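Listed below are the structures to be examined.
The following pair of complexes shares a single chain, subunit A, combined with subunit B in the former and subunit C in the latter.
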Partner chain A sequence: MELLECINLEKRYGDKVVLKDINLKIPRGKIIGLLGKNGTGKTTLIKLINDLLTPTKGKVLVNGMEVGVESKKIISYLPERTYLDKSMTVEKVIKYFEDFYDNFDSNKARKLLKKLDLDTNQKLSKMSKGMQEKVQLVLVMSRCADLYILDEPLGGVDPATRDYILDTILTNFNENASVIISTHLISDIEKILDEVIFIDKGKIILTSSTDELREKEKSSIDEIFRRMFKC
Partner chain B sequence: MNIVFDNDRPIYIQLVEGLQIHIISGMIFPGERLPSVRELALNLKVNPNTMQKALSELEDLGLIYTERTNGKFVTTDKSKIEKLREKYAREKTSKYINDIKELGLSKKDIINLIKEME
Partner chain C sequence: MLKKLLKYDLEKIYKVLIVFYSLSIFFSILTRIFLSIENSFILNIIGKVCSGVTISMIFNILINNVMGLWSRFRNNFYADESYLTHTLPIDKKTLYLSKTLSSIITLSSSILVIAMSLFIAYYSKENLELVKNLLLPLATVYDSTIIVIILSFIFICFLEIMNMLESGYVGLVLGHRKNSNKIAFSVLYGFITYLLTQIFTILVVFVTALFNKDLMNLFYTMDTLNIDTIKLCIYLAMIIYTLNIFILYFTNLKLFSKGVNVD
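Let's turn to the complex of A and B:
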């Protein structure tokens, strides 16, 4: 059984078609890049998978079951914009996650946060943007989930922070789970991807293993993407 | 261990080449036990699946072998390593000769140049 399957998925807002004919199968044990320009439907697709939006047509299956309460337990989601109350301290957010998610491993989170040399009694609002991103990623990756969905985890952070984020993803990745990373910052991340999904104007236009695509096109994924979507 | 990657080529091929160079140069000894796939992948910051693929390839080439429950080891067959060294040396030399010929130098010039450098 596939970990994630999207069948003829479509999403419209009124007359505006945001996603169309999305058919997708994602097995366990892969790191997958969901790549597309801004406003092509990446976040909409991610929200549909997380059951935060209702499809106009088609369905999303996680472990063979339609998304809902059960799938939320096994999907760990890092949204593009934070939903955390920034007046909370890190310590409080950890407690919050412990209460909220059965599969949250607070020891793991503390261990990962320790490496950041961070005062956990500090409020989120007092931290730099990069630090906030790191804290949130640590929280999301410290859940023992089947599917991790990271929406633009690299946006707006410096290269050193990007490295930390990639390291954290790799360190916590295991063969029983998959990770979907949406981004338009491809060159920073393409080295760790098993597969890529190119999405444009609400449609999937390419899915491939990254190394096969490099071999075939004799270029980097970043270069292929730029060529394909030249403005 | 360190490998500098070029995103234009398949990562697993670059891993195979990089590990071969480590073996040829003696940075990894014949008979040495390799770290786990996971450790290697983290160390080189690549996907563990890609690392697994590269190690399978090296195993097919007979450069590493798996001892059940014990992990993966570098071959102790020194002639195999020697052959690989020669293959790389030839490839690199031929590339070098081509580059220098492009500058308009003859083979004799190249030999003289090398002698001068010594």
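Let's turn to the complex of A and C:
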């Protein structure tokens, strides 16, 4: 059984079609890059998988079940925005995650935050946006989930932090889990990707293993992307 | 999970409400102290100012309570925080129930604090006599005590505010199903929903009045209602408002459970 399956998925806003005929299968144990330009439907697809949007047509299956309480137990999702209650301290957010997610490892979260020299007694509102994003990433990666979905985890952070984020992702998920990373900063992540999904104008235009694609096109994923999405 | 959700909801709402609760009690004590001092013009003026502040705090409690609950509903279900709320492993029914229960709990405590403030500031033998004389005829008809009559009025006020809150929640859920102008539509739908509940209330009273001549006077004359008709009105108000709240709750729950579209 596939970890994630999208069947004939479609999302419309009135007459505007944002996603159309999305058929997708995500196996276990892979790091997958969901790649596309801005506004091509990456975030919409991710939001549909996470029950933040209701599909117009089709369905999403996680472990063979429709999106719901059970799927949310095994998906750890990092949105592209800061989404935590800013009046909370980091410690309070850790407690919140501990309360609601059975698979959340608070010790691991504290250890990762300590590495970042983050004061857990500090309020999120007193932190910079970059710091808040790091806290969110640590919280998401401290869950022992089956599927991690990271929407633009590298957006708006400096190159040194990007390396830290990639390192955190790589060292904090088990071999049976999969990671979907949505980004347009391909050169930074292509070294860690097993598979890529190219999305354009709401449609999946390419699904391939990164090694096969590099071999076939004799160039890096970043170059292939630039060629395919040339304006 | 419901317990945990309620814990966080209540914590967030009471963080603001507790300030108004404290101010209301504080000024009611000051009112009591200053108004009890006789033969001092200045202290009497201060007492009256404190009395005004106490009344404004009482209104603040109600306004902040209602606005705070609507704002929390929107932030949790449709703004940035919704990315966390809707990805928690909790079904939509429980999420919605938590909001309704936190509304009931905070509204009850607000009414209690308001009653306490009024008691502290204005309790006196004369005022008590005044209330007794006003409510005694009604209590006699009900074969009940004045306390029960007061509690019934408070209960009707509570139901009316709950009705307004649930109408607001319906407005928020319906408004956020639109693709644009979500807040404007939320306000509009909330207002329309509230209006519909009021029309429904009048309609039920009118239908009942078809079988009760005295109650029909409510619609066709300006005559003072007799005590039996007031009694019937109180019963009707309790039944209709409770019915309204249940209808709104289940309709909204059904709409909410169909799924959300978060920006």
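Quick note on the criterion: the second predicted complex is superposed on the first by the 231 of 231 C-alpha atoms of A that agree within 3 Å, B and C clash if a C-alpha of one lies under 4 Å from a C-alpha of the other, contacts with A are read in each partner's own complex, and residues count from 1 in each chain.
What we mean here is this: a residue touches a chain if its C-beta (ideal position, glycine included) is under 8 Å from a C-beta of that chain, and two chains touch if they have at least 3 such contacts.
Remember, predicted model here, so these are calculated numbers, not experimental data.
Thinking of the overlay built on chain A, is A:Lys30 touched by subunit B (first), by subunit C (second), by both, or by neither?
First partner only, subunit B.
In the overlay, answer first, second, both or neither for which of subunit B and subunit C A:Ser106 touches.
Once the two structures are laid over each other on A, A:Ser106 reaches no partner at all.
Considering only touches as defined above, state whether A:Leu53 meets subunit B (first), subunit C (second), both or neither.
The second partner, subunit C, only.
Based on the superposed arrangement, let me know which partner A:Gln122 touches: subunit B (first), subunit C (second), both, or neither?
neither
Which partner does A:Leu170 contact after superposing on A: first (subunit B), second (subunit C), both, neither?
In the superposition, A:Leu170 contacts subunit B only.
Quick one: classify A:Asp222 as touching subunit B (first), subunit C (second), both or neither.
A:Asp222: touches subunit B, not subunit C.
Could you say whether A:Asn63 touches subunit B, subunit C, both of them, or neither, answering first, second, both or neither?
A:Asn63 sits against neither subunit B nor subunit C.
Could you please specify the touching residues of subunit C with respect to subunit A in the complex?
Residue list for subunit C touching subunit A: 1, 4, 8, 12, 15, 80-84, 86-91, 179, 258-262.
Under the touch definition given earlier, write down the residues of subunit A that touch subunit C in their complex.
13-14, 47, 50-54, 68-70, 72-73, 75, 77, 79, 81-85, 87, 96, 99-101
Please output the residues of subunit B touching subunit A within their complex, sorted ascending.
5, 7-13, 41-42, 45-50, 53
Given the complex with subunit B, which residues does subunit A contribute to the contact?
Listed in rising order, the residues of subunit A that touch subunit B are 29-31, 166-167, 170-171, 173, 175, 187, 190-194, 210-212, 214-215, 218-223.
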